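Reading through the structure tokens given below for one structure.
Labels for the chains are A, B and C, by order of writing; each one numbers its residues from 1.
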Amino acid sequence: MLFTFATRRLVTAVALTALAPLAGATTDLQFWHSMDGSLGERVNAIANQFNASQKEYKIIPVYKGNYDESLSAAIAASRSGTAPHIVQVFEVGTATMMQAGKAIKPVSQVMKEAGEVLDEKMFIPAIAGYYSDSKTGHLVSMPFNSSTPVLYYNKDAFKKAGLNPDQPPRSWQELAAAAAKLKASGMSCGYTTGWQGWVLLENFSTWHNLPYASLDNGFGGTGAVLQFNSPLHVKHIEFLAKMAKDGTFTYAGRKDEATPRFYSGECGIMTGSSGSLANIRKNARFDYGIGMMPYYPDVKGAPQNAIIGGASLWVMGGKSQAEYKGVARFLKRVATPAVAAEWHQNTGYLPVTVAAFDLSRKQGFYEKNPGSDVAARQMLNKPPKSYTRGLRLGYMPQIRTVVDEELESVWAGKQTPRAALDTAVSRGNELLRRFEKTAH
Amino acid sequence: MMSHRFHFPERGLGLLLMLPQLLITVIFFVWPAGQALWESTRLQDAFGLSSTFVGLDNFASLFRDPLYLQTVRTTLLFSVLVASLGLLVALLLAVMANRVVRASAFYRTILILPYAVAPSIAAVLWLFLFSPGLGWISYLLAQCGIDWNHVLNGGQALTLVVLASTWKQISYNFLFFLAALQAIPTSLLEAAAIDGASPLRRFRDIVFPLLSPTSFFLLVVNLVYAFFDTFAVIDAATGGGPGKSTETLIFKVYSEGFKGLDLGSSAAQSVILMLLVGALTLVQFRYVERKVQY
Amino acid sequence: MIENRKGLDGLSHLVLIAGMVLVAFPLYLMLITASYDANSALPTPVPLLPGGHFFANLGQVLTGEGGAVSWPFWKILGNSLAMAVSIALGKMLISLLSAFAIVYFRFPLRNAGFVLIFATLMLPVEVRIFPTVAVITDLGMINSFAGLTLPLIASATSTFLLRQSLLSLPRELAEAARVDGAGPLRFLWDIVLPVIRTTLAALFVINFVYGWNQYLWPLLVLRDASLSTTLMAIKSMMGEGAVKWPLVMAGATLTLLPPLLVVLGMQRWFVKGLVDSEK
């Protein structure tokens, strides 16, 4: 019995996989993304609206796990010739994607060949700059969900601690003082942060008018060298290490573990992604406020501008002309003011175009939702310098891990900030040299 | 060796029957192993567009890297802890279960439950027990004045993954020890008891030596388990952190290849692991063959 | 019992009860946690008595209502089941055939094949994970059920165990079959299979649990959420941000149930088979 069943089972299994999906009348376009939960629903809505608006193309959005997973899946698929049409890739994967040659097709080219006019100037410069080819100046991928780090604080807890609930801490010194007062008022956690590498080093650099790496943070070529161990960086990490030691800074984890600690009321202040707003809005049972990232007032040129996190949409290579036409139409629709503004307002991500920002303002969104424009204001704070446009470094996901590991040793008191940053820089540089060798 | 056995004369049929297993082994074992060997000598970009021969560079840079060596040390420490803790606890329980008559079936049933639990679920369960503010263990520790934070404290993180990994493996070890204990002839122990040997001495002088083949077998199995199967535990519980304090070799292969997209280095690490397992297999093979054939 | 020492017996029970608590407590807490409201904060520490939301949580995870999971459990439980059953039966089938070949035939390559198969005994798929993914990709089997299961059905353990079983059968069995004019396959089917059915049952349990608990391999091979397994779903529920423990634990409960039922339901054979494999 067991036996025949086994055989049958196996035969069925093999036979089933041999059946290829039947082609429909419309052209199907695969869109792989990493937006889960309510964000995923928003993505589906955008696709559905597009599908309903015309009959030739059908966008099929597929959730592919987190950013690491979807990028990995897309690369594997590309290697086996089964790449999707569009992939959402996180910002630190940009350098990897740009090196992908034939495996991808730059968005500006897709548009041009499809005969679609895409005014690249309509994008917010700091966002467009992140995803543009530094040689041609044209977009390689389509800006989609971008965020900057902002400061969230618990107004109720501020009141209880005798702090002004309408004044978020502006400088790091003020933040430390506030965190100490919050602790004194009985809170177990004063300050915490999500995404430490992105917030405390990458954005800290541009916010304080410092390069993160040479050659304009890698925009100028693959020979870039990490520079986030400057005296000011060291001073900053020392400042935080002291806070960690006296208990006013609580380390929550490498990713977004800080957000639940904030909205549960455990931590009074948090720095994290502006994209966390939707989650906080939904879960916090107290009055909260949003402020700009703190800075050191004695640093010349600070605050400069914030750089974005999040992801953009990449078009994969090797597809037919007709398919690219559909892709171009869809991407164009994503960037229209109405779609982009709705996405921005629903998710807490930045408006990617100036028109979407203006539309949201006209609709009174920022008045109704105080603080929701902080992310954009930070990015537009000053015109970006060549070294505050963003990062374009190879193996950046691994460099983030290196930074996480070294910072963790600082928070645990096992290493001095200077030693940790020096080690992180030299380990990161080794990765960069390795990446340089694979670049072509 | 097997000449005393009966053999069917149909030689072709024999080969045919073995073929499916052979094919699967060649396609999914020999081929990938060869591929790993090949890739380990090359430097590739993520998309496989360019690939250059770099000889043994990938290996050299691994052994130059103090962090790789640290990962080797972490793996050894972790594996020894998991194997020894798992064997000791299981042995203790098995000895006790072998003593009692009443409720022994009930004890056994409960004790084999973790066998069915996937390593990643085991990690989730233990993570919950230790999660600050929520878990019972972290709560009790806090009552004792111990601040539990495995997100920051490497030693605590290692403790967490060791406990979760050991917990899952106790069932398996327990069953083997119990079977081995039950196979020991009672007459032997009775004779010793009549001679006035205390239970503890009987265990040391008679039971323990008789258990050593089982213990050795279990040791190898547990080491292999700790090396590889615990990937899911570590991925779900700590992700290798904080720092690199819970990063094992297999986790590094994964993070380098999957997240880092550095296939050359990942392949080189796979090759090293294969050699390691090869050595363990050889030891095991000798042992099994000796036991099985004669 | 050689001697009846009350104290020692008491101690034994005490140790066993402690061991039982150690083993069962995490599982007990899983059930308790799964019974609390997923949308409000959990009481800290989690109470030791159940709340009233157990079935609501199970339902939410099963149906995927309210975006609790990216894919409803009732669908992916089917995937996990198909994967585990296919792997278990696949392993048993090819192992039985090759063990039978090794024991009852003499043919060229027999020893070489035996050694080759044995070499896979300890080499878990994790060790050669990326090259294997590459091979699956080359074969066009990525993101397919065949790609998910076929590479995992090579099993030296099962082959070995079955070989032991077959070797322990009396020689006369085959000779008698031969005299009756039964061919090898008929002999295997009519005579051998009924005799070794306990071993087969044990193998089924071991391999079912093995298949069900696969984690890294499905993660790398599968792309479509519709093919994903329950362990993958739990992983994504544990992802960044706030973990909804009651739902995670409800998912864990559902994930545990099938292998637990198989292990407990077939306990007798399973224990025998597991232990035999060492002999």
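Throughout what follows, contacts are C-beta pairs under 8 Å (C-beta built on N, C-alpha and C of every residue); 3 or more make two chains touch, one makes a residue touch a chain.
Since the structure is predicted, the reported quantities are computational estimates derived from the model, not experimental observations.
A.B. asks: Mind naming the chain pair that shares the most C-beta pairs in contact?
C.D. replies: Pair with the most C-beta pairs in contact: B-C.
A.B. asks: If we define chain centres by averaging CA atoms, which chain lands farthest from chain B? Would you check?
C.D. replies: In terms of C-alpha centroids, the chain at the greatest distance from chain B is A.
A.B. asks: With chain centres defined as C-alpha means, what is the inter-centre distance between chain A and chain C in Å?
C.D. replies: Distance between chain centres: 38 Å.
A.B. asks: Report the inter-centroid distance (CA atoms only) between chain A and chain B in whole Å.
C.D. replies: 37
A.B. asks: Using CA atom averages as chain centres, what separation in Å is found between chain B and chain C?
C.D. replies: Chain centroid spacing, chain B to chain C, equals 16 Å.
A.B. asks: Going by the contact rule already set, what residues in chain B reach two or more other chains?
C.D. replies: Residues 133, 258 of chain B touch two or more partner chains.
A.B. asks: So which bits of chain A are touching at least two other chains?
C.D. replies: 79, 257
A.B. asks: Quick check: what residues of chain C touch more than one other chain, meaning two or more?
C.D. replies: Touching at least two other chains: 93.
A.B. asks: How about chain A: which of its residues touch chain B in the complex?
C.D. replies: These residues of chain A touch chain B: 68, 71-72, 75, 78-79, 96, 99-103, 251-254, 257, 266, 395, 397-398, 401, 404-406, 408-409, 411-412, 414, 427, 434, 437-440.
A.B. asks: In their complex, what parts of chain C are in touch with chain B?
C.D. replies: For chain C paired with chain B, touching residues are 1-3, 5, 8-9, 11-13, 15-16, 19-20, 22-27, 29-30, 33, 42, 44-46, 93-95, 97-98, 100-110, 113, 116-124, 126-132, 134-135, 139, 150-151, 153-154, 159-160, 164, 167, 171, 174-175, 178, 183-185, 187, 209, 212-213, 215-216, 220, 231, 234-235, 238, 245, 248-249, 252, 255-256, 259-260, 262-264, 267, 271, 274-275, 278-279.
A.B. asks: In the complex, go through chain C and note every residue touching chain A.
C.D. replies: Chain C residues touching chain A: 41, 67, 70, 82, 85-86, 89-90, 92-93, 96, 133, 137-138, 140-142, 144-147, 149, 189, 193, 200, 204, 219, 223-225, 236, 239-243.
A.B. asks: Would you pull the chain B residues touching chain A in the complex into a rising list?
C.D. replies: Within the complex, chain B contacts chain A at residues 43-50, 52, 67, 133, 151-154, 239, 241-244, 255-256, 258-262.
A.B. asks: Contact residues on chain B for chain C in the complex?
C.D. replies: Answer in residue numbers: 2, 4-8, 10-18, 20-22, 24-36, 39, 89, 92-93, 96-97, 99-103, 107-122, 124-126, 128-129, 133-136, 139, 167, 170-172, 175-176, 179, 186, 189-190, 193, 199, 214, 217, 224, 228-229, 231-232, 235-236, 250, 253-254, 257-258, 263, 266-267, 270, 273-274, 277-278, 280-281, 284-285, 288, 291-292.
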